[in-house]
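Two complexes follow with subunit A in common, the first pairing it with subunit B and the second with subunit C.
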Partner chain A sequence: MKPKVLLDKVGFWCATAVTSAALMLSIAPMTASAVNIPTEVTELGKDTYKKYCSPCHGEEGKGDGPLARSMLPKPRDFTRGAYKFRTTPSGSLPTDEDIYRTISYGVPNSTMIPWDILTEEQRVSVIPVLKSFSEAFEVRKPDAPVTVGLPLRPTERALTEGKKIYEEKLECWKCHGVEGRGDGPSAAEQEDDFGFPIKPFDFTTGKFKGGNSAQDVYLRFTTGLNGTPMPSFAKELTDEERWCLTYYVMSLIKPEETKK
Partner chain B sequence: MKKFGIGLCLSAMLFTSVAWAAEQPPKKETPPDLYEGTPDWYRAVYKDNVGMKEGSGPFKDYFKPQMLDMYWQPNRHYEPMKNLDHSIFIEKERRDLCVTCHEEATPGVVRDWRSSGHKNPKSTPYLSARTAEIEKRTNRILNEVHCFDCHADTKKKQIRMPTGEVCGECHRPQFDDFLREREVGRPNHIQSWEANTIVPWYAEAARRGYLYGQHGCDLCHSGAEKCDVCHTRHKFSAAEGRQPEACITCHMGPDHPDAESYGESKHGVIYHKEEEHFDFNRPLSEVRPGKDYRTPTCQFCHMYEKHGRFIHNPVMKGIWRMGTIPPKNLEYTSSLKDYPYGIKIIGDKIDIYSEENVAKRSYWLEVCAKCHSDRFADTYLKSLDEFMFQAHTLADRAQKIVEDLIADGYLYPSAADRDPYPLSDGIEKQLSPAFLGEPIYNAFKTLKGKFPVVGPILGVYGMFLQQQDNPSNIENMYNRLWFWYKLQGYKGTAHVQQDVSWWWGQAPMMMEFTKIQSEAARLRREGRIEKVSLTK
Partner chain C sequence: MKLIYILSILFAFLCCNLISSKDILADNKYSEIEVPDGGTIIGNVKYMGELAAVGLNLYRGWELSDTSKLNSEKLVFSKVNNGLKNAVVSLKDITQGKKTIIPPVHPIIDQQNNNFIPHTIAIVSGTTVDFLNGDEQMHNIHTRSARNQPFNLGTTYKQRISKTFDYPEIIKLTCDLHKNAYAWIVVLDHPYFDTTDRNGYFEICDIPPGTYTFQVWHEELGNLEKEVTVRPKETTTIEFVYSQN
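Let's look at the complex of A and B:
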């Protein structure tokens, strides 16, 4: 693909990302100041969890609700405190806001819908319930969120650099495939920490599980996805390199795939 | 200028909507009802929702339904899932979330829907025209028919399994055509669940612990309320419903080998050889024989009504009615002469030459004439009639042998010494003389089911429920003769499949007949020997 075309595509997706980020902000306030998250388990939280979460995640948060057996990917088992989408470093617990964001935004390409259908009060009420399923939250606190470095612009040079990282330095293609379809040679062997087969993400769909903005994608490279084979590259890559990789994987989105 | 432009746009929009409203006077259509015209007791046992509490039909109190029945007969038995309360999605009409979740939970369903006319009801000129008709009729704009439209019961705020009534809200002409199946009575599709559960042996088998053994019955006979039997979920394709394969999951096997007889006939073989040339996207009324179809399909012949018109049900032209009902046009020696023996709930004998049936035959000839000469087609169909007369005559002779044996007291074990007719206690309790017919009702009342029942239609129980010594060997033989081999011969002949006509039909009918003769001779001989030894 010619760099010019690549740039046009990235431009388009950045615009889309900005729009979706704006939309997301309107449905899901992301900061603690916007929502008041309770620290204790409440009756409302228990009821909300029982009615809307336990059918998949199970009454005790083990990811074994009655609907779970026919689902792939499997609903998250909360007992290990391993949360994929965080602003905190690899291995850390998530912040309450991270959990709130996933509840409100949902996880694309999974049965975890955006639960914006519930009131804000209901959504925050389940956070202490989820945390109560894992001892980790009793003995540890989440680390401070990672610092998001100054974003780069998606220039031709940044994309070329990102491509190099994807293809040579980190060999992301081994799992995610050369074209980013999640079909690399090692794709079939991947397993998550719970022993379930896990598919490397297909970038062409454009439905990034942790959010579609460039910052969301950048965060995945920086924090990794706990409980999955996707590590953090905070050490291996500089801040700048992570931005380059971000723009490169976003350039792999295929508009025709996103319409499905 | 800008304001002027906006004003112009607004007034144009207003005008359009006024014009639309003026063109579409709100019509009050009666809502589609699958049980329209049926007596009240009928609704009470087939339509009113009871969930899993009781069964269907007059004998509903004798068995609890199996859970699958909620999918087979949603009106009667559907209960929303308990695991996840969907009411919040319905209350807030969050259509987007249906797809978001089910795209992953049940991706096949969503992909089917995405490729269906429901997702894109205006994707082709043909679909657009049909959609425009529906829009006009329903006074709605239809750019997408969504999960929500069919599956959300907005009154009860729960998920529903759509029945034909839901489809009929938009597809009213097709629904009304389907409803017309009642005009010709059973066997038909719309009363197939009734046929399944009104028969006493269904409830008796369930009572005796064989409910799940009747799974095979339920799968076909569940076609009564739903359209996805022919137009499978969630494409609901008209083209799919026009293919012979749409019929064959039910229309096969020993009592109606339609798949086998059509499939291996010259018609069927040509279809299989050249199916890629068949244009199933064309409505039946626009099919050009020889160009769009080189041979007929089940639908092309059976859904042809008359005078170039097609109807959205395949039973209207049926004359021989699946071959089970004896014709009026024969002299019978057995009690078939008294068929239907005063029973009110089954159809009378068929007069093949009644005004109505002669007219139906001419409509058949209209179809055949697309490719065959009138004389050839007429001769062929007359030979089918003759085949049936001969087959019914043979059945009559066989029935006479069995009945004489019974009358002379040689049936062994005798009806008094074996299990009674299925659910005899229930028949006496649940049905009335007015409903069932005086003579049969009285027989059940006085003899408590301890009497032999042979031949069409109630004698077929032995095909569905075998109890202690009931029916006996010779009765089973006769059942095979008239219910299997006669019907197989009928289908083989009607669908022009020589092997089915002979080796599955005429030949085993004759073999079974001689077996019945020799079994009767043996029983008589043994009976006589027993009598002699008892008198000594």
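Let's look at the complex of A and C:
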């Protein structure tokens, strides 16, 4: 074989390898799984927690920091291991990635800001500290994340189907109201596991607490919100019905409300 | 050949590890033995508190006592003998005894007319409970357990949900859509327990002879304890009285 041909061949394969690697990287979702999450509590984690988290969540993670009194919704009490925004089934503990996601993106409509002002290393180091507050993490393991089916196309038919589920099958309006303003007949008496009053979510604002994508909304009523009255509907809905409900709920957003 | 030996030794080692770790995880103090001459305890749980003789107390005059507790299932007792319903009687700190039988037919908690039926059940750990919805409307089942995995599931008409409870705990079950509805699941790690019937009666049998502490739990009235000696092949009658409110 002539050296030039050899060079060509090697060059071609190199280029193919580089391209495919680049493709793989771009296809792989940019989730927290790319981040290295420590398993042990580190000094950095303790420091970060004390400085940035404990003013609201308390030194021992009981959700009773000095600033917590004036807040509603209350800062989360970590001692129960009940986390709202997860990809795991109802009642299960969250995965490390779920906790990382909430820290990084924050919770809209609450005092939990997106903590992207911290470095990735700092954010990640807090996770073992949060887990150390609850003995639930020693007794139980998080279940496997639920599988999200392929998205349906948001057609007119999907919306009518979703409306039927919202109003007749699951009776979401009992808490969230017919127009999705969070003013249903049972709304006023809701309270969370810690005994604090809790407001059903107002869909018209469009600031979904667990994320604004269709997949996030899908996950919220599939997994439920631990520690709140919001149940999981994993047993009730087929995959198609869930997408219909997702699109219907997202269609309740009122543009003029989102600007407030 | 050598490789096979090494591998087999490694495999055996791994197996041992697995088995021992399982034993630690099980965390079970209760051991099963043959009980050929077990004794039986039967008895009655009574409520003699302030609300006990409501409707019978002629000296109260027009000032009726607070009956708000009576309208719910918080405090249900018989008008005839003041026997308390929905109390759970169990043996405390029993280490060995009869074989634990996990019921193959799952106990049921049904939701009818916005209420949980039955109100209290006692089960041995490992039992699967079926939750039904008999109403033509939406309900949810919300538990707040710590060791057993909590759950909050929405149910529609004729839905059946099965859940297994593996650790001893007292679990409250609520429906967030109907604030008055709640139920209790008492999970125990041994088979010596009973829930009182509507006249407050209970029966626990096949207890190995000896002296035990009996415990009654009631959601509203709390715990009561009593030391009782169980004699072989004999039936002993005991009585628990809640006199406070």
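One rule holds for everything that comes next: the second predicted complex is superposed on the first by the 227 of 260 C-alpha atoms of A that agree within 3 Å, B and C clash if a C-alpha of one lies under 4 Å from a C-alpha of the other, contacts with A are read in each partner's own complex, and residues count from 1 in each chain.
Simple rule for what comes next: a residue touches a chain if its C-beta (ideal position, glycine included) is under 8 Å from a C-beta of that chain, and two chains touch if they have at least 3 such contacts.
Note that the structure is predicted; figures quoted are calculated from it, not measured.
*Asks:* Report for A:Ala82: first if it touches subunit B alone, second if subunit C alone, otherwise both or neither.
*Replies:* second
*Asks:* For A:Pro200, select first, second, both or neither according to whether it touches subunit B, subunit C, the two together, or no partner.
*Replies:* neither
*Asks:* So, A:Pro128: does it touch subunit B (first), subunit C (second), both, or neither?
*Replies:* Neither partner.
*Asks:* Kindly classify A:Thr111 by the partners it touches after superposition: subunit B alone (first), subunit C alone (second), both, or neither?
*Replies:* After superposing on A, A:Thr111 lies in contact with subunit B but is clear of subunit C.
*Asks:* Of the partners subunit B and subunit C, which touch A:Gly210 in the superposed model: first, second, both, neither?
*Replies:* neither
*Asks:* Now for A:Leu67: first (subunit B), second (subunit C), both, or neither, which partner does it touch?
*Replies:* Once the two structures are laid over each other on A, A:Leu67 reaches subunit B alone.
*Asks:* Check the contacts made with subunit A and report whether subunit B or subunit C touches more of its residues.
*Replies:* C
*Asks:* Using the touch definition up top, name the residues of subunit A that touch subunit B in the complex.
*Replies:* 51-52, 55, 65-67, 70-71, 106, 109-111, 113-114, 117-118, 260
*Asks:* Quick check: in the complex, which residue numbers of subunit B touch subunit A?
*Replies:* Residues 83-85, 88-89, 92, 94, 97, 100-101, 104-105, 114 of subunit B touch subunit A in their complex.
*Asks:* What residues on subunit A touch subunit C, complex-wise?
*Replies:* So the residues of subunit A touching subunit C come out as 80, 82, 90-92, 135-136, 139-140, 169-171, 174-175, 186, 189-190, 193, 224, 226, 228-236.
*Asks:* Which stretch or stretches of subunit C touch subunit A in the complex?
*Replies:* That would be residues 137-138, 140-144, 146-147, 149-156, 159, 161, 167, 176-177, 179 of subunit C.
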